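I have a structure I would like to understand better, so I am pasting it below and will then ask my questions one at a time.
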Amino acid sequence: MDLLTQNLISPVVLAFVLGMIARWIRSDLEIPSAIYQGMSIYLLFAIGLKGGVALSETPASELVLPLGLTLALGCLTPLSAFFFMRWFGKLGKVDAAATAAHYGSVSAVTFIAAIEAVKLSGIPSNGYLPALLAVLEVPGIIIGLLLAQKSQAGGMKHALREVVTGKSIFLMVGGLAIGAACGQAKVDSVAPFFIAPFKGVLCLFLLELGMVAASRVRDLRSTGLRLVILGCFLPAFHGAIATACGVWIGMAPGGAAIFGAMVGSASYIAAPAAVRIALPEASPGIYLTLSLGVTFPFNLSVGIPIFIKLAETLSHAPTP
Amino acid sequence: MKVPLSLLTIVTEGLLKEPMIELLRRHGATGHTITRADGEGSRGVRAKDWEGPNLRFECILSPEAADAALDEVSERYFENYSVIAWVTEVKVVRSTKFSSKDSAES
Amino acid sequence: MDLLTQNLISPVVLAFVLGMIARWIRSDLEIPSAIYQGMSIYLLFAIGLKGGVALSETPASELVLPLGLTLALGCLTPLSAFFFMRWFGKLGKVDAAATAAHYGSVSAVTFIAAIEAVKLSGIPSNGYLPALLAVLEVPGIIIGLLLAQKSQAGGMKHALREVVTGKSIFLMVGGLAIGAACGQAKVDSVAPFFIAPFKGVLCLFLLELGMVAASRVRDLRSTGLRLVILGCFLPAFHGAIATACGVWIGMAPGGAAIFGAMVGSASYIAAPAAVRIALPEASPGIYLTLSLGVTFPFNLSVGIPIFIKLAETLSHAPTP
Amino acid sequence: MKVPLSLLTIVTEGLLKEPMIELLRRHGATGHTITRADGEGSRGVRAKDWEGPNLRFECILSPEAADAALDEVSERYFENYSVIAWVTEVKVVRSTKFSSKDSAES
Amino acid sequence: MKVPLSLLTIVTEGLLKEPMIELLRRHGATGHTITRADGEGSRGVRAKDWEGPNLRFECILSPEAADAALDEVSERYFENYSVIAWVTEVKVVRSTKFSSKDSAES
Amino acid sequence: MDLLTQNLISPVVLAFVLGMIARWIRSDLEIPSAIYQGMSIYLLFAIGLKGGVALSETPASELVLPLGLTLALGCLTPLSAFFFMRWFGKLGKVDAAATAAHYGSVSAVTFIAAIEAVKLSGIPSNGYLPALLAVLEVPGIIIGLLLAQKSQAGGMKHALREVVTGKSIFLMVGGLAIGAACGQAKVDSVAPFFIAPFKGVLCLFLLELGMVAASRVRDLRSTGLRLVILGCFLPAFHGAIATACGVWIGMAPGGAAIFGAMVGSASYIAAPAAVRIALPEASPGIYLTLSLGVTFPFNLSVGIPIFIKLAETLSHAPTP
């Protein structure tokens, strides 16, 4: 598939691969953690800012359907993930629930990578997607935690606080608000910092993420084949459904593909933090390895091009 | 004028920052010092992977408070979290600086 | 006032507010201190560079009046601040002197924010202002320390060394010199790094400053209402005088407004360091809270638009 | 071959970096190690706010030198600055590495 | 329940990171904690100049293992590298966390 | 010489001088080490990326001669350096070999500074130079270590691993590969981050390097005059030969000058790390002081303009 190679041979994806290689050949390359944190602050805020501007130009009525769909899928995907993890993955209840929380939530970097891939492929997209990203992040985590039936007031509340005030949602929502309040003209004044260099920063960020993912990949052996299969199946399954629904409710093809990548993705920043607090007995060796070591690279390399192709096909289908 | 007190050192995932500070306060700590640390331990997960580096707490306490805090850390967190802790005997001057309720021996 | 809203609804000001909110809702957002320091190095050096280029294009004769005025105000404002702090603020001599040193010196970030606000409002400015900034930073601190009559050779000398070799003045003066030596053409080669993204970096910087200021605001209760009133009155008073003098000696209206913001501002980087060394018994809970928790937000939100308005009015007054 | 010496640990605002190094040198330190730390203590001001993080000095000294240095730190800085310090007994090998003038006990 | 163990602290150039971790493992360490540190010592070269800051290893070991590790560090690295190391006595709870082969005294 | 002043009065060189001044007046200016490391990652990766794109547009046949010349000079310069260090510098075998490894290898920052200087002087250059840089880095170190006859299997192997998997070579080669694979069009998408701000980042980087070099310069007294002379002579000697050979095999004049600067430069990142591992008894006070305190500033200020002049003269010589 041409689109696949096209997607794989890009600075962003190759930087991720380079990061993995760095770990495999045991290079002493290391991105200082302050730089890594600085980059994630930059990326999240910038994505919010861009989304906020788009939002300020989108009529509220146009948002109703996408928001409803996002909430619905945000509640269904953790249930689906829980079911597959218990049935096919043979996980215990707590571990399955923890993993479900991750697949119910969303990975901002997958979202960003999908945006870039769509931009490259030239098909039209929707500006309001970052708002959906913020909405999608929370319900999956709540439902995942509820599935563990460990909703002792304290843990659950603490975990929710963590998610909602957590820096990833905070920065994105903050950026959204600022972008929406300021509008295009004023955001233009900070564009040379937040917009133009964005993809280059993403490139360095994925270099680091590749290194982290590589150390996760090492843990795959102990994770078991069944879980690895699920780590590829679930994003494809959830993502395809979401892409189809997106096209169905009238998103632009590019928008639907990005939406698919979002719904298909598994969180590896917000969800782990929340799960670690509310379900400390769940094994990070399972949920982190799956989300960061399997599902993220899967989406980055195979998932996103599939969703783009699918969205294009479905969008053109009814036209003739 | 030198007074013997205890230094409690706790190395833990960044996640437990707030709970640890609270725990130390409950045991009478008047302050604490935090440094960022990397580390490897018995658990597979290196905290750094996904939530920034480990935190290394140091807190000067009365010997009894340090022991009690160490016990509580061990009971509440050792099982499910990446935590390690130890107590050292140290000497300070003007121990009033450290006495909120327990160490009036200066 | 339209100008006020115009000024408040900007990415830079809103980022400051976002930072304050982050602290209030107790988000775990944190800008790594390496990033924060990196940004301040960048901002100070860049402002110097830009000023240096402007300086290289300004005839020396044009600088005499502004420099003289800056020195005069740099000596008068600490005296005025000391008087108000003792009389109305009821502070002891040492604390009043320490605070006077802060109001006599200048806040580089307020200066930068004023520049951006003036640029946005489209009125003409002067290029030599960064040179004045460097000149204004020192005398206020010296006079403040002298007011405490604690000029034991050692402490005073150490404190002065600290100010003059301190990184904020060093970087700005260094940037000025490099900018003046290289001129526009050569500085253009580094403009995509130092000039274009400047305002975006400032935006992130203010996010952090908002967080710091928020923790200062919490200390307001113990500071007392009288001091809070002074923290708003002094910048308005000093700034209005400076703006008027600026117009009077022939600065462009934008330049006079920026000059007003400079003179009205209170230092929270150079002065605290110097005061901490020379007057360790003065209470940071007073001088830091006032300069960072009251005066900086006041200038950012209310002061700057006022000075712009004032400068415009005064500039146009004699014309007809 | 193990020699008992003292480890002096000082946590202080970044501002006091040079004075502290000088103080340690005066007490015969042949070296020191500095880590950046955050912290909370009895004073309201968190150093980090405006001048970067706290500094945490570690210095191996002879027991007498460590005591003397601790005393001086306490006398000169405890009142007006954010400083805390303590002494621990440690063992080293080849203590010649640490003797500039005072610890010839290797 | 408190068990006495030893805390070995090593401050060294970043260059020796891997060899040090290996050395600690060989002496039975089940983990270690690393903080970044600056420092000055008897050698002219400040490691920071060209390869990032010093590393400060902390490792809880059985007293015998700590002594042995300290000896090996001293023998292998003291001459040519910027290294310093010391041992402190500490108390831990649940020492099982630290016993890979040597400290079964819990 | 006009070219010399032209080269010296540039933001990049002046930033280096500013860094030295910062140390001399004992300013508290400090670039956080995370920022410094972040900048070096950025610079090395960006230089690779740019080179990779150029490489993808260069026919392989055109590379044979330059590659051969690079390898030859990479083997000869350490021998020449060893000889001079023993004979004129009166160094012992181990110290001479250690220093030879540094002069045999290459300084990426000198290379970058040369590129910028050539760009400024407007003469044509060659795109494939970064590939030569990567090739030149290794042989000098190997030969240097062999010269010490300390090739105990362990140390040597460990040292070589260190060089080849070391982050500086890894990032540059990684960038090269990504640039070559992606080609101009796709690299353009990250150009606003990796290409446009490059020189500005270099400027800040040299500020830090100036500070580091200044503390090295202090050690010059104990190093001895003979070694300082060699620290100036060797780069001029090696660099002039390399420039001449470069012109001779048909490089563009700018390319030959950059090539001269490369070959003349002494490594201070890769080589010290390798030497420290394989020859721990060699004195860093000698090799680091020479490479960073003498040869680097020499090349930056005097060497590069000389090589440019030389390359221009030689290139024009045979034309008429």
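Per-chain numbering from 1; labels A, B, C, D, E and F assigned in written order.
By our rule, a residue touches a chain if its C-beta (ideal position, glycine included) is under 8 Å from a C-beta of that chain, and two chains touch if they have at least 3 such contacts.
Keep in mind the model is a prediction, meaning the values are calculated, not measured.
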item: Of B-E and C-D, pair with higher C-beta contact tally; value: B-E
item: Most remote chain, CA-based centroid, reference being subunit C; value: E
item: Remotest chain, subunit D as reference, centres from CA atoms; value: A
item: Chain centre separation (subunit B, subunit D; CA means) in Å; value: 20
item: Centre distance in Å when subunit A and subunit C are each reduced to the mean of their C-alpha atoms; value: 41
item: Centroid spacing, where centroids are CA-atom means, of subunit E and subunit F in whole angstrom; value: 36
item: Shared-contact residues (touching 2 or more other chains) in subunit E; value: 35-36, 88-89
item: Residues of subunit A touching at least two other chains; value: 32-35, 37-38, 192, 197
item: Every chain pair meeting the contact rule; value: A-B, A-C, A-F, B-D, B-E, C-D, C-F, D-E, E-F
item: Residue ranges of subunit B in contact with subunit E within the complex; value: 9, 11, 35-42, 54, 56, 67, 70-71, 74, 78, 84-89
item: For the subunit C and subunit A complex, residues of the former touching the latter; value: 9-12, 14-15, 18, 21-22, 25-35, 38, 116, 120, 192, 196-201, 203-204, 207
item: Subunit E residues touching subunit B - in the complex, by the definition given at the top; value: 1-2, 5, 7, 21, 30-36, 58, 60, 88-94, 97
item: Sites on subunit C touched by subunit F in the complex; value: 32-35, 37-38, 41-42, 45, 49, 162, 165-167, 170-171, 174, 177-178, 181-182, 186-187, 189-194, 197
item: Residue numbers on subunit E that touch subunit F, as the complex places them; value: 13, 15, 36, 44-46, 48-53, 79-81
